[in-house]
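As written, the chains take the letters A, B, C, D and E, and residue 1 is the first residue of each chain.
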Amino acid sequence: MKRVQFSHSPIPYLFIAPQIIIICIFFLWPAAQAIYQSFLLEDAFGLSSQFVWFKNYKDTILNDAWLQSAGFTLVFSFLVTFLSLALAMLLAVKANEAIQGARTYKTLLMWAYAIAPPVAGLMGNLMFNPLIGDLYYFLNAMGWDFNHKLDSFDAGFVVVLIAVWKQVSVNFIFFLSGLQGIPKSVIEAATIDCKSSLRRFWTMTFPLLAPTTFFLIVINITYAFFETFGIIDTTTAGAPGGSTSTLVYKVYLDGFRGSDLGGSSAQSVVLMLMVLALTVIQFRFIERKIHY
Amino acid sequence: ATEVQWWHAMGGRLGEVVDEIAVKYNESQSEYKLVPTYKGGYEDTMTAGIAAFRAKQQPHILQIFDAGAATIINAKGATVPVADLLAEHGDGFNKEDYIAGVRNFYADSDGKMIGMPFNSSTPLLYYNKDAFKKAGIANPPKSWEEFEEIAPKLKEAGYIALAQSHSPWIFTENFHSRHNLQMATANNGYDSTDVKIMYNNPELKMHWGKVKEWLDKGWYGYYGRAWGDNQDAFIQQKTAMWLGSSGSFGGLTKSAEFEFGGSFLPYWKSIIDEPKGTFIGGAALFTMAGHDDEEYKGVADFMKFLTSPEMQYFWHKETGYVPITNAAYDLAKSDGYYKTTPDAEIGILQLNQPGGDWTKGYRLGYYVQIREVLYKHYDDIFAGKTSVDDAFAKIEEESNDLLERFNATYN
Amino acid sequence: MAEVKLTNVNKVYSNGAHAVRGVNMEIADGEFIVFVGPSGCGKSTLLRMIAGLETVTEGDLHIDENRINDVSPAERNVAMVFQNYALYPHMTVRGNMSYGLKNRGDSKEEIEKKVIAAAKTLHIEDFLDRQPNQLSGGQRQRVAMGRAIVRNPKVFLFDEPLSNLDAKLRVQMRIEIKKLQRKMGVTSIYVTHDQTEAMTLADRLAVINNGQIEQMGKPIELYKDPKTLFVASFIGSPQVNLISVQYDGKLLKSGSLEIGGFDGLPIAEELVLGLRPEHLRIDDQGKLAMKIDLVEQHGADNLVYGTLEGAKNEDGDDLELCLRLNQDQEPTIGETIKLGYDHSNALVFNKETGKRLI
Amino acid sequence: MLKLNWHAISGHLILILGAIFMTAPVWVAFMSSTHSAETLFREGLQAWPGGHFFENYNEVLFVEGGVMKRVTASMMLWNSFILGIGFAVGKVVISMLAAYAIVYFRFRLATPLFWIIFMTLLLPLEVRIIPSYEVVAGMGLLDTHTGLILPLIASATGTFYFRQFYKSVPEELLEAARLDGANAWQFFIDILVPISKTMIAAILIIMFVVGWNQYLWPLIMTTNEDNYTLVIGIKQIYQVLSEGGELPQFQKAYALTILATLPPVIVVLVFQSWFVKGLVESEK
Amino acid sequence: MAEVKLTNVNKVYSNGAHAVRGVNMEIADGEFIVFVGPSGCGKSTLLRMIAGLETVTEGDLHIDENRINDVSPAERNVAMVFQNYALYPHMTVRGNMSYGLKNRGDSKEEIEKKVIAAAKTLHIEDFLDRQPNQLSGGQRQRVAMGRAIVRNPKVFLFDEPLSNLDAKLRVQMRIEIKKLQRKMGVTSIYVTHDQTEAMTLADRLAVINNGQIEQMGKPIELYKDPKTLFVASFIGSPQVNLISVQYDGKLLKSGSLEIGGFDGLPIAEELVLGLRPEHLRIDDQGKLAMKIDLVEQHGADNLVYGTLEGAKNEDGDDLELCLRLNQDQEPTIGETIKLGYDHSNALVFNKETGKRLI
């Protein structure tokens, strides 16, 4: 808040009104509906419904399919987050060091930001297509009996690879700016204090990037939870055997494909709670702890 | 002109034919304008239709596939039964006009037709004649026992013997019909929503045990869940045989660069001596409630156009879906179509094979998800992650949970 | 403790900037050298080459007998204090001070001993477990110093270490640095553009201009005996008064102003006469007449600003003059006073070349 | 000296591999889009240009039935463009106003309203999509640009970007303006908006990309083919591919992929520095 | 041109901070007033209340006859120059200067005339169409000044307007501001914490401490005749030497040090003796003995630092003393010299209350 502010009058309300109105109509009301819906057992066409308290939760959360999906979501999020962060950090550190061609590298490494997840998914899908996919053949030629349509590990490999590919750019951009935010003189001081560049990385660069890293962890987890929807929908669609279905994708499958509104709303609510928890962690823990 | 909106799931070649039908219809009269819209796959289309209905934006005609039948037919008030529609707004409706095989699947428990079985298909065996020649095999297998005999030869000739595009439809639902086995209690679900699945039976488990065995032997190929994954493998001549839909016929004639033939869906001699007919797959056109009479008149008018022998014959010829009226079938026969293209008749012949107690069809709620359950466990069987017994125990349990939820929803 | 030798050192940056042009310098063991000069003259570049943070384009660097051009910074045995301190923000004060020692493999006890000792010297024992962001500017400065001294380096390098502090603290830290260096006797090189710091800290002062050493020597020498106009105007505060003049063989002339008493100057060339404010005095017999514009009372002394009558500056405006008086002399504004000066203190330069003539 | 070089060389090697990793798929997609369906079907993906560039792109872009029944990729491009721009502009305008109120005014409901806005960051559209659909439908906004864009704008990311930015604007600017007699509206229009120019541009770019790339929501809420965006086109062509039936039109899928990729990529590359600045500063 | 009157002005911030505590002040027409004091003492708060940027919690503000507590900032007819200049970054210099005039509805020609006139005065005519980011620090400062004078305000307010400039430019701009204010004769209030600026600019200086005016008067008065210990130590550079002493009725004592010559001081209370560096002199008869630690040669004069023998400071260390000599007196380090001073210049304070006794 500013030291000097305009004092109260109807003006601020006018300025904030458009946003609030849109939020109320298109956010709060639907969100409330989703919560309400999660207590209803309703036919697909909305012609009849009954209030069933937590039946939907009981039926759809505490079953194998959901737990499997939750398990996959966690592993998937972890892998996507870890791999894309690690790769992006490596590339950012190198790009930051590079003197020649730095601009070209940066451009080539960040442009994938603009690609939509489903577009990335389709591209990956075709790369792994058993009919024409180079990667499919390559992996099989390498002696890996690769079949992502059949093998859930291979399918997981595909979605993780594409999701990582899509996310590296964002992380790269942030790491690069994080690196540029480290005062040059601190790195120079470390150069005088420490001979080994690897050691310097682990003792200086890495900890100094921690705020960026933690911020990105949250961004990446959110990404893996929600934005990979388009990737999954255009690569495996959750197959084989629902083993690559994230929680959001399952919400969509059950609610849209399966016309089970109550059940999918219940899952949505659980997801909301998970995001909420994530945010609280971000605020409570990370924001406070790591800030120089 | 009054617009009639038709949401369908006919992609690719099928979609082109749908558009041609629309053009023909719109040219045939000026009172109504038919607007077909492709809404994606069967699931997508159903989803879109339901969402639109909830939002009171439903189209006039919505194509719903077999697995969605229970959902839409149980939603009383969501549709105008086609029987009523034609009786009220058209020239009347006579069930007997339709071929036997399609009368029941989209009808309610009293036998009243709710949806118009537009694109009716049935699973067929397609085989690559070149491959068969190369392997020195004369005829496609009639039974799975025969299949097991020729599969090694095909393998030797460098082919994977078989692939299949829809395990729930072909290797589960129609398996029951072909062998005249009960799928679910309560008369396959027609009599009540309080129903239990009966998939956990020795015959089906035997079959899946075999399929897994074939996969391991290299006789069976699995290229993914998507319909096209497996069809493409056949087109690319990786597999010598492919179980697909009679509706795939039109597309195959365009894309396959080899000679192929069609044949009946194989059966197990060990289960049944004389196989029964299969039941129809594909989808039906449902008239959505909530429009005014003038529009319904248009819908009825279009339905009449669509079911005219000429249109049905056109549709049948272009796509491979069966003609749904007797008149159309007769027209095709009299036109000599089956003389030049005998394979095109196989679907309808198979549908018209003698029926049994369990060949009318099924009516099961949340069946889209039940199919997901099937896929999941079949995938697991293929991957060797579970035994057939365990898989079917799970299928039974999970399917029954879904059926229970559906029952709770509608009562 | 070490001698530092620079032989014909050049630096050309990759963008072509020729930042250091043939610098030669010998620094004796224990000497305190200050580099001073305007912004961009190459002070930092020179220092950073000695530290090993920039490569040397041409020439040689020696510490004692060793040529260090290709030695890594960590092995040169130098310590550097940066303008913004460059403390490791994620480490405690203790961590900051011990980092370099750890890396070179000192034992734990040894490190602890050295850190404690350095912290005592600098009065920062109480903050050893704080992080830099919990310290005030002055405390951070001390930690930066501590990090340098704990390594017991052969050479201390300082790049404007005080310019982020406020005036008062700057004076105080300046004195501490000087005392510390005296005590430890470590050869030190100190970069600044503050001429007070330069004057007061240096054993010898190198005035750098455009990548070259303009003059090097004791501060008071440079003050009293600048070799160039640049050095004269750079050293001394308030700045030396400069009057553009020409010599006609007898008199120095500027507009209607005529000043005698100079011999042996080149005739009809552009010259500059330099008179330091503290060398001017009110003198009714004086040859310079100044109209007073402003009197600043600084307490101990007064600075009087005004225009020199007759002379013009380069823009054609009246030439401004500054005169330093002690606190009890307070001329009134608007008044015109006569000024005298001691000929022995007057400086005359060739305007073109900047070389000092007298 | 030698050691230093090795370090640099390994760095370049890593960067080159990284660049290949990030660009190869798009390169292959582009090259494959210039071949015929047959070539792709028989020989797999292509790494070098083929002779069907004009044919494929022409068919996809301009021929009805080239991808969808009626809508051509050029139409979808236009729709994507509208969505991208509409979303970006709408978001920027609304969030600038809201952020202004939050940062520069003291008013009674400030805190609760702030929290309401903040909450929107927590719940992505995906988890409330069905009721959102019903709300939009209820307002008769299905298949309209308004209905497409407004619910997406409801998330307040932009507001936070601007809030962050306004907070970094020196306080003295407001003070100077007040001494110069500017009222709240004048300060906003005369000072704040102009000095936010680069920030506005940056956020417009980011939001354009975000809008352009929307997937699930347009998929669900556009029923009329004429309103399809490219990303939906991708979904549909994927659907057709997976249904099989005829020779898979991989080349069209790739052409569409390239078309869907090109505009946002160009925007990001052309405005690279703004975009990076905006992205980084706003997220912090 | 106006008189400004503050009557019992108080400011309590919403967080409870009592920043200004009952300030009374009358500023005459055309006077140049400087507020000086340590950080956080309330200088800016006071200034901003006069500008109308902060509400007045208690008390009255008058400009001429008008009570302005509730008048909007724009209508008070004041102009303010900010520390960071607060130029509108997207407007040209011309735009910056005319914005306020436009808002109050001046005609185009009128605005143009005023802007040109102000630009001439400040020598910024050539930059009128540049944007602030194309200007140097000093030029920006001038534009900020221009924006203020163009409005022809009754009162100029400055909040540390020079602290973002480097030392040299600061001196130059300081002189310009002073001259400008002289020329225009506008009542001005200037906030700084730089004591040189304060001394040299002010007609009258208000030393503020903890929200209150500690002393107000002519700079040289405050220097020579500080009413409190705080004022004495705040004014003067180098700072006054302070020696904690007690009076035994005859002598001032600190440790073994005994200083005579003072009368009428309270006995056995804690006192502080203040001796300015420039009032000390080398005197073999002197009563103070100093061991020399450091000599700083500033050119015109030398500052000598050392410890006063006998006396201890509050930490028990040797008491440090500073002495100012002119350039040709250069005592050697380590030597002990005797110092004398003039009794008339010595200051004595009550340590507890800070009040000056002598």
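Note that in this section a contact is a pair of C-beta atoms (placed from the backbone, for glycine too) under 8 Å apart; a residue touches a chain by one contact, two chains touch by 3 or more.
If you want to know which protein each chain is, UniProt gives these names: A = sn-glycerol-3-phosphate transport system permease protein UgpA; C, E = Glycerol-3-phosphate transporter ATP-binding subunit; D = sn-glycerol-3-phosphate transport system permease protein UgpE.
Note that the coordinates shown come from a computational prediction; the quantities given were computed from them, not determined experimentally.
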Taking each chain's C-alpha mean as its centre, the one farthest from chain C: B
Comparison of A-D and A-B (more C-beta pairs in contact): A-D
Between chain B and chain D, centroid-to-centroid distance (C-alpha), Å: 39
Geometric centre distance via CA averages, chain C-chain B, whole Å: 91
Between chain E and chain C, distance of the C-alpha-averaged centres to the nearest whole Å: 27
Where chain A touches two or more other chains, by residue: 4, 99, 131, 256
Multi-chain contact sites of chain C, meaning residues that touch two or more partners: none
Of all residues in chain B, the ones touching two or more other chains: 51, 54, 226, 229, 232, 236
Contact footprint of chain A on chain C as seen in their complex: 14, 48, 51-53, 72-76, 78-80, 82-84, 86-90, 99-100, 103-104, 131, 133, 147, 151
Residues of chain A that touch chain B when the two form their complex: 41-48, 50, 52, 55, 59, 63-65, 130-131, 147, 149-152, 237, 239-243, 253-254, 256-260, 262-263
List of chain D residues in touch with chain A within their complex: 7-8, 11-12, 14-15, 18-19, 21-23, 25-26, 28-29, 32, 40-41, 44-45, 93-95, 97-98, 100-110, 113, 116-117, 119-124, 126-132, 134-136, 150-151, 153-156, 159, 167, 171, 174-175, 178, 184-185, 188, 209, 212-213, 215-216, 220, 231, 234-235, 237-238, 248, 250, 253-254, 257, 260-261, 264-265, 267-269, 272, 276, 279-280, 283-284
Complex contact set, residues of chain A against chain D: 1-9, 11-13, 15-16, 18-20, 22-23, 25-34, 37, 87, 90-91, 94-95, 97-101, 104-105, 107-120, 122-127, 129, 131-134, 137, 165, 168-169, 173-174, 176-177, 197, 215, 219, 222, 226, 229-230, 233-234, 248, 251-252, 255-256, 261, 264-265, 268-269, 271-272, 275-276, 279
Complex interface listing, chain E residues touching chain C: 167-168, 171, 175, 178-179, 182, 193-194, 196, 199-200, 219-220, 223, 235-238, 276-278, 293-294, 296-301, 303, 305, 324, 327
